[in-house]
């Protein structure tokens, strides 16, 4: 494949972007749409003390859950950890800090980071201490709202169906989920893709993530975990 | 065409949704992507005292400009009116109130309304009185921001290339512009479309506006104005 | 002791009556997932999943699962005609914008004010709220399907919830194996009974007071 | 008296030197629109338009215009390979997120601090800021191409702008028919001259003080 933008990158080269203590944002929802090859490579590299940002902590052996289960994270920002009991166990042992954000507000916080906005206002979970604690309030037109701050990361990893060499991405069905948001929020964004297609072969009306937001493209080796339903 | 959701509507029936003094949001950028058939029908119905929300005021005889030129609006919220000198003239005569919003922030305010968020924070135009006047400020992490409130409308009108009977929409090239945002922000949203296609004939990965946001679909009679470049 | 399949389906069938053609409906796990089985075949309903599906269809046949087409619980589903995919932000935009007509969900407790407590199982780890808060606060109609009492036989419809709340004053309707309640600003109104249960039994098994409507419907499917 | 076509192209050619392979570039109207003509044919540059185009190509041939493929000024363009369409919110998201490498725009005035005044023409109606503020504040590099003096012969590079500002301290580089300036926190540095103009002429036609770099490049294309 021609590589006129230099974005198609060897796995060993993108691995240089990961380091201990970094903030890592990942696409996916219950593991669906989380990039399997990158997760395994990060595991193998032995990166630790990660702050992870994403919808959930997957399952113990699925998606980002693999990193969580092996205690590579010190903090997670997510909407739930219920499908990964190891995450809950680590939280209760004090080994994992968890910041919970309502799912749609988490998505908007990631998107806000992705489009360069500092924060949004929200009335979701106002009356719930787990959501509202330590968050600034703002009265607008007589109503109380939370200021929900934008989220960005040093590196974002996403999973897509196809990329062209510019990094234009299309996703597959519900594996899209948080990926287009996460793709915008990374200071550096790496897309793991099922297929790399020639420039000009994606219909420009159908591209979901413009390549502008994508720095590196790596081919996926495919999902190597067993799904919970299997 | 089968109409199992009742969304495919006769023009005369959607016209009942327009009334004097209403707030009307429109898709389009310099007239490109503004629904021509709906604009003409609103003109003919004689609706007036409109508050218009959209990217710009088009050209005097193009897009929303037609309504503005015929003095049907009392207020416009837009990012510029430069391409429609009549809008500027009416503003200076005190016949048209204009609220200017930076283009990208206007788009985000419309989107915020569309996704049910009350406001966003922004640092665009902080030091410009035209942008910042009368807007609340908020200090976040030591930096000053404007609270930019969400925009919604009683009715939104958009222009799309294709709709299925559920109102799933795809757009044509740069005629997309603000349309997907405006489509979400209307309490009632009307899509004028070049073509209505059977349910199931749009690729679900390629749908830009889910029909969830669309209440009425009308077939377009096509653009009937002469573009500035023609 | 949980509910038998029949009671679960009775509750689901009653919930299905709330759905009309063209509605956008979000279903929780458990009894709510049985609701589609009780809809007329020709009714066009768009089932919404938080992860970005509108127009979700039934589970695929075994062996036909698509790992990239799953519901918010991570289980394989299908897509009906007219369905579409979107990102999670737009999916929740539909909810907050009031475009989701009904959410039908299970609950641990509901108060007479319609407070919902369904996101923390007592004694278990904190799982996080997922999308429950947005759905409870912003769906146009919130219907709770649940056992009338918990496994220990204690009422789940209470004067005040004892568990942490998902959201306050958000529930519109409660359907249990005993009865159907409408939630109003003045409290609960019993509108329907599932014989053989009678009013007295419902009173016995409900912690809070409630009124009854003029003509209580007796449901026997 | 405006600039001749040659001068306009000289300025555009110098601006083109700032662009490297793979960059995302937003061009204003006027002289900036000439910049693509001066890029190497094999260079991959993604031109960005505020209305939602990445990868904009040149104007179509007469008769080949597509009314649904126009730039932010409303004029027909084409799309290069690898280009894509997005909505206006994402288009400006690219700008605010720092993904637009360079914006090249015209201006009425620029101050020695890099303040930009390019959105209100004096004596004219208020046209609105359009996307100028986001581009000025958030593009990674802001290059101004303009006549050194206005039509009345007055300097446009000033100690302080007299016109309303688009944005403060945002300009990185100024290219006129006389010279090229780098804007630094310490003020302007003249780095290049376009002969036959010399330093004295630039000093005469510039209101504010500026320094010169060690070796001033004399550009003659």
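As written, the chains take the letters A, B, C and D, and residue 1 is the first residue of each chain.
Simple rule for what comes next: contacts are C-beta pairs under 8 Å (C-beta built on N, C-alpha and C of every residue); 3 or more make two chains touch, one makes a residue touch a chain.
All values reported here derive from a predicted model rather than from experimental measurement.
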{"item": "Farthest chain relative to chain D (centres taken as mean CA coordinates)", "value": "C"}
{"item": "Distance from the mean Cα position of chain D to that of chain A, given in whole angstrom", "value": "36"}
{"item": "Interchain centroid distance [CA atoms averaged], chain C/chain D, Å", "value": "57"}
{"item": "Approximate Å spacing (C-alpha centroids) for the pair chain B, chain D", "value": "30"}
{"item": "Contacts with 2+ other chains: residues of chain D", "value": "79, 85-86, 89, 92-93, 95-96, 138"}
{"item": "Touching two or more other chains - residues of chain B", "value": "108, 115, 117, 123, 171-173, 176, 204-205"}
{"item": "Pairwise touch network: line, ring, star, complete, or other", "value": "other"}
{"item": "Chains touching one another, given as label pairs in label order", "value": "A-B, A-C, A-D, B-C, B-D"}
{"item": "Complex contact set, residues of chain D against chain A", "value": "21-22, 24, 44, 46, 48, 54-55, 79, 81-86, 89-90, 92-100, 138"}
{"item": "Interface residues, chain B side, partner chain D - complex", "value": "29-33, 55-56, 59, 78-83, 85, 88-89, 91-92, 98, 100, 102-105, 107-108, 110-111, 123-125, 127-128, 130-131, 161, 171-181, 208, 223, 227-229"}
{"item": "Chain D - residues contacting chain B, complex", "value": "49-53, 65-76, 79, 85-89, 91-93, 95-96, 125-131, 133-134, 137-138, 164-168"}
{"item": "For the chain B and chain A complex, residues of the former touching the latter", "value": "108, 112, 115, 117-123, 136, 138, 140-141, 143, 145, 147, 149, 170-173, 176, 203-206"}
{"item": "Contacting residues of chain A [partner chain D, same complex]", "value": "4-6, 114-117, 164-166, 168, 184, 199-200, 202, 204-205, 207, 210-213"}
